[in-house]
Structures are given as C-alpha cells and as structure tokens.
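Pasting a structure here, questions to come.
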Amino acid sequence: MESVGNILMYFVIVISIIVFSVLTVTTRKMLRSATYLLFVLFATALLYFQLDYQFLGTVQIAVYAGGIVVLFVFSILLTHKPGKDAAALDVHRRWLGLSAALLGVAACGYALFSYCAFCGKELTGDGSITIERLGHFLLSTDKYGYLLPFEAISVLLLACIIGGVVIARRR
Amino acid sequence: MPLSLTIAVVAIPLFMFFFLGLAGVKMGRKLTGVLGVLGMLVTTVLAYGVALTYFFGDGPQVVDGVRKAVIVFNPDWLSFTDTLVARMGIALDPIAAMMLVVITTISMMVHLYSLGYMSDHHGHPEKGFQRFYADLALFTFSMLGLVVATNLFQIFIFFEMVGVSSYLLIGFYYHSPAAIHASKKAFIVTRLADLFFLLGIMILSFYTGTFDFFNQNGMVGMTDSMEAAQTAITSAGGATFMGCSVMAWALTFIFIGGAGKSAMYPLHIWLPDAMEGPTPVSALIHAATMVVAGVFLVARLFPLYVIEQGAMEVICVVGAFTAFYAAAIACVQSDIKRALAFSTISQIAFMMTSLAVSASQEGLIEIHHGYGLGYMASMFHLFTHAMFKALLFLCAGAIIHAVHSNENDDMHGLHKYMPITSIAFLIGCLAIAGIPPFAGFWSKDEILVACYEKGLGWGIWMSMVAGLTAFYMFRIYYLIFFWKEHKVHTEHRPADQVWTMTVPLIILGAISCVAGFVPMHDLVTWDGAALHTQLNWTVAGTSVAIACVGIALATVMYYKENALPAKMKNAFSGLWNAAYHRFYMDELYQFITHKVIFKAVCVPIAWFDRKFIDGFMNLLADATNQAAYGIRRLQSGSIQGYVYLYIMGALLIAVVSMVCVLI
Amino acid sequence: MNLTLLMYLIPSLIMFGCGVYGFLTRKNMIAIMISLELMLNSVDINFVVFNRFLFPGHFEGMFFTLFAIALAAAETALALAIIINVFRIARKVDINEINKLKF
Amino acid sequence: MEILNNILIYFVIVPVLTLGGLALCNNKGMNAIRAVAATGATVLVALALWLVCIFLQARGAGDTSEMILLSKVSWYAPLNIELALGVDGVSVVMILLSAFIVFAGVFASWKMNPLPKQFFLWFFLLSTGVFGFFISIDLFTMFMFYEVALIPMYLLIGVWGSGNKNYSAMKLTLMLMGGSAFLMLALIGIYMHSAPQGQPLTMNILQIAQNNAVPHDWQMYLFPMAFVGFGVLGAMFPFHTWSPDGHASAPTAVSMLHAGVLMKLGGYGCFRIAIYLMPFAANELGWIFLTLTGISIIYGAFSACVQTDLKYINAYSSVSHCGMVLFAILMFNQTAMTGAVLQMLSHGLMTALFFALIGMIYGRTHTRDIREMGGMMHIMPYLGVGYVIAGLASLGLPGLSGFAAEMTIFMGSFQHPDMFHRVFTIVGASSIVVTAVYILRVVGKLLFGEVQNEHHRELTDASWDERFSTAVLIVCVAIIGCFPNFFINIISDSFLPVVKALGNVVGM
C-alpha cells in the first residue's frame, strides 16, 4: 500500500503530463507550445524522482528542460514574429493525424489491457543508485559496463558540435 | 598456237581494266586510248589464233572428226561442298571458239571507233575518256570469261559481271537523268532475270550435284557430266513441283535468266532504254555480244534442253512472239537507235526460236545421231548478226556524231554528205534483210528451214517476220539517207567522220559481205561433228522473195517524201500509237514497280517499321517511364506522409498478428 | 490503491499519441521537432518504468534513457541548426513550402 | 603465368595496354594519341595475321581437334568460372575481321574532335570486349566481354554522336541490355545443367557440348532465350529497331565497329552458344527463327528502298544482310553455316566501308539526306568510286565479297532436304533483286545526276587518312571476293561438331 502523498504525487504528475502533452500539440502559438513541452519534461523528471532515479531526473531537468527547451525557444524567437498564430489546421489533416494517433493508442491500449501479464506488478525495493556506482558502470568494460556506448555518444556529440558549427556558419 | 593462250585472251582485258582504270587518270586521253586499242589488238590476234587452232589445227581436240571440248585451265574457286565446286576455268569448244572471234572482233572495232567517237561530246572534250576505255576492257573481259566458262556457276558469275559493265557503260553520261534511269533499269531487270537463273542453278545442282559442263579430263566431250546429270534427273524422275518435273522448272528458270540478258519479251524493256549509252557501247554490248549471252546460255545447255521438251516449247513460243513483237515496234520508231534496238531484239528472238525448234523437232535419239540444224543456224546467225548489227550501230553512231541527234526527222537525205556511211549502212540492211549473198541470207535461211521442219505454221510466221525485218530496216535506211533534202546548217555540214570511225565501218561492211561463206555447219554444231546441209531452194527462194517485197514496200513508202506514211498512220492510228509506245509495256512496268511495289509494299513496310515495331519498343520505354512517374508519387519526400504510412503499416501488422493469434 | 506498472504506462502512451498527432498535423518544422521530443520522452519513460518495475536491481533501462537524452539533445541541436539555416535561405519554416529539393 | 604463352591472351592485353597508353596522353597532344591508337591497331592486325598463320600451320600439320590454342586459368572456383581460351576457324576469321575494322576505324576517326583521347579510350575498351568475346570459350567470360563491348557504345554514341543521339544511344543500350538479360538467364540455365547429375558443373563450352547434358525440356526454354539474346544484337526482326537509329546517330568509326564487328557477336553467339549447346531445341524450334530471319531479309531490303537518310539505308540493309547470317546458321548444314561466316566477314567489311564513306561525305556536306545531294561523283571522285564499289559488293558483284558469301549461303541452304527450307531459300534469294534496287537508287541519286547544291562544288575529295582507311577495306573486300576458297578452308571444318551434334539429334 502506497502512501497517500505518493499517490497524490502520482496523480499530479500524470494529469500534468496528459494535459500538457495535449496542449503542446494543440496550441497555435509556438512559444506556448514550447512552454507546455517544458512542463511535460518537468513532470517527467518528477516521475523519475518518484521512481528513485534521482540522477536521471536531474539530467532530465538539466539537459531537456534546461538545454533543449531553451534551444527551441531561441529558434522560435529567431524564426517567428512574436504573438502570431500558426495557421489553422485543415480538417483533412487533422482527421488524418487524429485517426493515426487514436488508432495507435487504441491498439497499444488494447494490447496493454488484454495481454499484459506483468502490468499489475508493483514497485519493490529501492531502485536508487549511488553516483559512485553509476560512474563505475559508465567507465567500466565489464559485463554491465557502458564504456563503449559512452565513448560513442561522446564522439557523436563532438560530431554534432562540429556539424552544428558547419551548418550554422555563414557562407 | 597453243590453246592455253586463251588464258592470255581473257587476262589481257582484265589487266587493261585495272591498268587503265587506276593509271588512266595520270596518263592522259590519247595515250589511254592508244594503249586500250593496242591491248585489244593483241587480244584479238591471240583470240583469232586460238580459234583457228581449235577449228583447223589437228590437236587433241578432234577425235574421229568430232570436235570435243578442251579444258585449258580449271582451278577451284568456291567449294560449296566436297563435290559441288564452282570453278573458274577456261574451256574451248566450237561455240566458245566462235564467240571468242565474235567478241574480240567487235570489241576491237569498237575500241578503234571510240577513239574518234568518244573524243568529243557535242564539240567538248569528253570527260571520263579513260573511264570509258577501262569499262570497255572490263566488259570485254567479262564477256570472254562468260563464253569460255567451264561450268554453269561461272556463267552466272560472268552474267553478273557483264551486267555490271553494261550498267557502268549505259550510265556513262552520268549527269544525264535519262542515262542513270536507263542504266538502273537495265541492271534491275537483268538482275531479276538473274534471280531466276540462280534458282535454276540451285535446282539443277541440287539434283545433279555438279555445275560442270564437261567431264574432268576434258576430252570426252560435251555432255559427259551432263549425261550423268540426265541420269540423275531421270532417277529422281519422281521429283515434280506443281505438276511439272523439276527439270522443266530448272531449265525454264535458266531460260528466264538468259531471256533477261537477251531481252526476250517481257523482259526486253531495258534494251531500248539502254541506247542512252554511248553508241559504240550500244554496238558492242547491246547489239553484238552481251545480248546474245542468253542465246549462248541456252546453246550451252542445249543437251539438257533436248531432254526437257517442255522448257523448249516455252522458249519457242516466247522467241517467235518476241521476234514479231519487236519487229512490229521497230516499224514505227523515229529514234534510229531505238529502232535498231528493237531490230536487235527481233533478231535475237530469231536465234532463240531457232535453238528451240532444233531441239523440239527431233527426239533424243535422232539428236544423238548428229542432227541439229536449228542449233547450227542459231549460232551462225549469232555470228553474222553480230557483224552486221555492229556495223549498223557504228553507222548510226557516225550519223549521230555528225548531226547531233538521234531522231530521223533531223537526218533525211544524208546520202549526199556521208557516202561511205551510207553504203556501209546499206550493206548492213541488205544483210539483215536476207538478200544473197550478204551474210544474213545464209544464216537466216537456215533458221527458216529449221522452223519449217518444226511445222509449217512456225515457218510461215518466221518468214513473215523476216519480211517485216526487210521492211523496217529499209524504212530506217531511206528515212536517214533519202526521203528529202537535208536541211544543212551553215555552221557544220554533216560528213563522213575521221578515219578511226570510218575504217571499222569498212572492215565490218566487208565482213558482212563475206561472213555468209564461213563453213559454219562444218565448224559449229552442237555435238562437234560436221553437219551436212545444202541450200533448201524452196525456202531460200521464198524468203528472198518476201524480203524483196518488204524492201519494195519500204521503197514505195519512204524513198521519196510522200503522203503515204502519214495516210497509213492515220488509217491505223490505234495500232500505230500502240506500236510507237511499245505496246505500253514500259507503262505497265512503271505501274508495277512504282505503284505496286514501291507505293504498296515498300512504303507500308517502312511505315510499319517506324510506327509499329519501333512504336512498340517506344511504347515499352514509355510504359516504364510512366510507371516510374506513377510510383514516384509515393516517394513524396514528405516525412509526415512517411510516418503516417509507417504507423498505419505497423498498425496493420499488429491487427493482422492479433487476428492470427485469436484464430 | 497501489501504483502498478500499467498506471505508468498509460500516460506514456497518451504522450506518445500526442506526439504522433502533433507530428502528423503540424506544418511548422519546429513544432514537428517538439512533437518528436514528446514521443522520445514517452519512450524514455517506458524504459525507466520497465526497468524499475521488472528488474529493480539492474540499471540497463536507466542507462538507455540516459544515452537517449544525450542523443535527443544532439539531434535537436543539429535539427534546429538546419531549420534555422533553411529559414535563413528560404525565409520559411513551413514544411509544405520547402520543396525545392523534391523530385 | 602459363597463359601468357598463349598468343590469344594478347588480343586482350594489347588493347588494354593501348588503353593505358592513351590514358597517359594529354588530350591536346593529338599526334601522341594518334600514334598510340595507330600502333595498337597495327599490332592487333599483325597479331591477327600471325594467328591465321598459326592456325593454318596447325591444321596443315594434321591437328584436327575442334579448337586449338587451348588454355585456361581458374577465376572463381566455386562457380567454375575460368578464363578459358581457344579458337577454331570461325573465331580466327572473326578476329581477323575485327582487327582490320579496328585498324580502319582508327584511321576513319583520325581527326576526331572533341575529346579525342576519351574517344579512343572507349573505342579500345569496346575492341577489348570484342576480341575477348571471340577468344573465350567460357560462358561467363564470354558474357563478361560481351557486356564490355556493349557498354562503351552508349557513351560513344551519346557523346560523339550526331542528331538525336541521346535517344538513339539510350534505345540501343536498353535494347541490347534487354537482350543480355535473356542471355544471362539462358547462360545460367545452361550452366545449371552443364553436366550430368552428380558431376561437377562447368562453364566451358567444349565441356558442355561434350556432356550434352542439358535436358530437352530445359532446352526448349533456354534456346529461345539465348537465340533472342544474341539475335537482338544480330538485328533479327522484330528486335532490329535499335539499328537504324543507333547507326544514324553514331560517329563514323563507331558505326563501322558496330555494324562491322559488334553485330557479328550476335551471329557468332547464336551459333556457338545457342545452337551448339542446345541442338535438340535448335532442331525443334529452328523453323520459328528461320521464319523471323527470312522476314528480316526481305523486310530490311524493302524498308531500305524508301529511306532517304544514307545511314538509315545502310542500317536497313544491315538488317537484311545480318538476317541472312542468322538465316544461314539456322539451315544447319556445313555449307550454309560457312556461308554465314563468310557473310559476316563480307558484311562487316562492306558495311564498315559504307559507314566510313558516309561519314566522310557527311563530314563535308553536313547532310545525309540523299534528296539534298547529287553529282558527288563530279566533286569527290575517290569517295564516289569507293561508294560504288561498296554498293556493288553489297548487291553481290562477283569478285567482291558479297557474292561469294551469298552464293555459299543460297547453295548451302538449298541443299537442305526439307522443302520448307528450300522454299525459304528462294524467298531469301529474291532479296538480291531488292538489294540491287536500293543500292542503285542511292548510287543514282547521291553520286550521279546534277549537283543539287551549288555549295557542294567547293568540297574536297578524300584526304590521305580517309583514302588509306577506305583502301584497306576495299582491298579486304576484294580479297575475300576473289579468293573465297582460302577462307572457306579455314572456316568450314569448324562446323563439323555442330553439324554432327545436330545430326545426332535428328537421328534420335
């Protein structure tokens, strides 16, 4: 049996995730869209915290909420006149998107409800991890070591930096 | 003189062709002409030597008083199979030896005559003088090669060669559209005939397995391998095609080949047009030598025709009809060369008929006993006709050279101005009309005798044509030399030409007077044995009388200007017009070739090719292209579209798998 | 009331559905990127949730998410750079109007 | 490497070396390019003549084996692909023909412009393919060289061509590639059945023929594929339409090489692969293709009668003449097949000569429409005489090559015991009249008559390289025409194995 605080927390998180997700894709103002995204990401970070993954939640806030959303805001400001609405969606397009999204959700939901043997599983134990162990995992070459992906990601990030510079350079 | 010199007789003109053709441009006209004449002179002397040796020498060629064929030279040229081999050889037998004499004589005269005739063209120096001599040499070579052929295939080869030389010479004035047209026509018509010749050869060689006329060791005589052929054919006797024996088909096809070259009806249409060529060429090729190649061919294969009477009947009918047809047309032509051309056709038809009646009047058994008057007569006429017809053409050339026109309206009354030419022409006319003692009388008389022996109807028909011959020849003669005063233009007076042109006239005139006394029945017979004949006075008397009637009629109508010809023309205007237009044969051919073959076959085929076959290929290409354009729509480049399809696809798979699981 | 695995998967699913809807309907390239982030984020949640509920002692899911965040950052940075560059050239961010390279 | 002792391999090495030499040349150094190209071509001619000597020597010494100069190197053992070399009489004369045409082609493109270096590079790559095809006796190697010969054609026409060249180049390449697709299927099919059950498969033609293991029902599918595959290149009706457009657009030397040599690959392949390896189906299905080739002969000739473009006339005439090659091959007897090879030689040289002359005339008048030309004989007598000689060779004048070839074909075909074949022979033979019609038509319009265009009066006659190029071809045509027996002796025995194989089939 969970604590009430935990359940309340859960509902706050879930409702904000659902509401802000919907708002993100339905609002016609780009800047608002980005802001709602920020809220979704925060809610996600909270979710991570609730599941004892503090480090992940922190990264989520730092990178996603702190980095990516800022990038979005910058690019929106660069490419849009403030206060201007996006053009209204045409009906055809909306129905297309809606049908795909709803059908997808329906199919997955059906699968979840009908076939999910482990869906009733509850939280057990403490999932938290110390920073020390995390560091070991990241830099180890053992069975559960992630040195190679870590290095790969770093190379990728380097490539991204260079790519960003090259693309953004004025010719 | 050894018979092997025949090789030189054939080789010298070939050498002259290459020499004059390649080096002529550098040598200048005079030198080329003189060299050409000298080369021909040597050839002529050698040919006479060889012929005389063959006929009168007592070499190995005479066995028991019978002249056999001598194969001088016979290497393989083209081996089709181990047994079926086309050879390029040289064989001498009576007709070959006689033809050597005829060809070299006429060719020599023409070479000499051309020195004068070809030196200018309407007063300008003739272009292509060297080319002319080279082509003449080529023709002489081809014709000599034809007559000394040892096998059927070699004859075919040289048929083609003479065809091409004739093409080159008819089209000598290649800037004139008429000459191009005429040369093309001549080549294509004879080519069509040659196709039949080729078919004949194919059929014949298929059943006999050989092309050769003579046995390998040469001495055994004319028909040895032919006899083998006969046996083969008889044993394959069941082989028939559409009701006739294959042999009849083969021989008829070969005759059609000969008919093309010899201008038998209905393949005669090229010959009158061939008169567009220079007149010496007409004299050499289209009067004396090449046009008798068909007669020569039938004579060469005579032993086979003897067996196959059906083919001979065809020849007989075609020959008799052509003789009359051409003579009728010759009566109304105004262009003297054309009139002579039709006269040539008629005379060659005489030879053909003579050959045909000779074979068909006798059974095989009598033939073997050495009777073949028609054959001998035909060859005799070939010989004499070559001489006097060449003479007539060379005279015509001299006249044309003098008045610059072919039309007899521009001539009239030339006797006063050109006496030598006039007399020579008269000799020619008398010879062709068959007045003794000129050459034509003796040969034509034999032909008529042969015809009467075949049947009274044939004899009467041919006698009538002979009378017609006398009439039209004297008509031409009178219209050229008499009729009325010549309208003399002040700038040039027609006159006898330079000696190079006159000397050949005199020589040929002399030959025409005496050629009848050559003992041809001793020399040229189909089996080589001497033929004992005597003058049949009844036939001779009749034919002379008919000829005289023809001449008299011509004299009445055409000697002095009078209204009778015009009256006749009006009275029989339909007939006259039809004859003048050669009974519309040319128009018929024109219709068939242009309207039917060209417009109704070639054009639709070309259209079909472009629109249909090619169109189909283009359609394939277009269809591929269109399909590509259609599929391209799917690759829209819109990420959202891709994602939509991706999701739908994933859903579809999910649904399908769920359904599968449920089932 | 217990918090089961399913209860965490439902919001993630809805978030993903929103992402799909946004991706398919939006014309603005930046908006499409935002939708993309939504989808990525929902997947991240799934990783974490499965990891936490099913394999408590292990951390593979978490690390996957960690790397996915890094990748998402890189991808967004590049994509936005490209979008801005395109905007600089074409003065447009509407995906339907940027079709110079099409066909 | 042992294979280097075989003279045959040098027919590939020499063009490749020439390619290398050309690659080193500067595009502006015209003389260097010419020198390299002419040297390569001359060496090839010398090699070809030497090969003929070797061949005659071997045959003279009593070597009656089917192929001589056999040698092989394994290329890819898992699929049994070898570089297997060997020649018989047919290959020898084909190599000789190719060498002479390449030689004449180099001189015909002496003043090639623009990009002479690249032109000669592709030109020699093409000849590498051609020679490689004729010397190999391995299915895969043959196919590979076949493709090597086909592909450069696209660039040669597309870059250096004239008129509607993109369309023509594309059409030609696509149609020939389409043929190759069939061909490849057929070759794979043959390979899969190249040996009896349980024995190792092989790509070697001699081995396959000896095994004679392709099942009859498979032959019935594979033979049409192989025959059509090669037949496309041999311009068989109704797959000939690449030929008129392709020839019309191609530059002179390429037309020469294409009509002269490349189209022969078709006939050679039909005989060497389709018929030799699958005699049963050849015997069963021969009549279908015989009908098609019979149509080709007549159809090409009639189509040529109404064309007005010189190159179209020749292209259709090639359809007719190449139809005769396939026609004769399908007659299945030694004489006719020998005639087919003679016809390949004759047509190769004669058409090369034609295209060379047309190219030279076109280079001066800038038109190929016979209605706009006339009286060329006055203006350029050398080219005019050359054209007349080529024309006479084409319509079969004795003493030039066409006559000997056609007569051998007709005489051989007519020896066929079957009435159907003999009647078809007559149909085929009737083309000689139509040939005369279109040849004389074009000669009359182009060379004779009045000069149509006054500007043409200022044109010049052939230059030395043009004279040399045409003279080489004329001499070759005359040599074949005058001494056909020399060639027949080389060729004829090569057909014994095929005829024997076909005979076995009929006997069954």
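Chains: A, B, C and D, in written order; residue numbering restarts at 1 for each.
Operating definition for what follows: contacts are C-beta pairs under 8 Å (C-beta built on N, C-alpha and C of every residue); 3 or more make two chains touch, one makes a residue touch a chain.
All figures in this text were calculated on a predicted structure; none of them were measured in a lab.
Distances between chain centres, each the mean of the C-alpha atoms, put A farthest from chain D. Counting C-beta pairs in contact across A-C and across A-B shows that the higher total falls to A-C. Chain A and chain C have CA centres that are 7 Å apart.
A separation of 103 Å divides the Cα centre of chain A from that of chain B.
Separating the CA-averaged centres of chain A and chain D is a span of 70 Å.
With each centre defined as the average position of its C-alpha atoms, the distance from chain B to chain D rounds to 37 Å.
Shared interface positions of chain B, i.e. residues touching 2 or more other chains, are given as 644, 647. Within chain A, contacts with two or more other chains are made by residues 96, 100, 104.
Under the stated contact rule, the graph of chain-to-chain touches falls outside the line, ring, star and complete shapes. Applying the touch definition to all chain combinations yields A-B, A-C, B-C, B-D. Chain A meets chain C in the complex at residues 1-2, 6-7, 10, 13-14, 17-18, 21-22, 24-25, 30, 33-34, 37, 40-41, 44, 47-48, 51-53, 56, 59-60, 63-64, 67-68, 71-72, 74-76, 78-80, 86-87, 89, 93-94, 96-98, 100-102, 104-105, 108-109, 112-113, 116, 118-127, 129, 134, 137-138, 144, 146, 149-150, 153, 156-157, 160, 163-164, 167-168. Residues 632, 636-640, 643-644, 647 of chain B are the ones that touch chain C when the two sit in their complex. Here chain A touches chain B in the complex through residues 96, 100, 103-104, 107, 111, going by the rule given at the top.
Against chain A, the residues of chain B that register as touching in their complex are 644, 647-648, 650-651, 654-655, 658. Interface residues of chain B, counted against chain D in their complex, comprise 76-81, 84, 86, 153, 157-158, 160-161, 164, 167, 171, 174-175, 177, 180-181, 183-184, 187-188, 191-192, 194-195, 198-199, 202-203, 205-206, 598, 601-603, 605-606, 609, 613-614, 616-617, 621.
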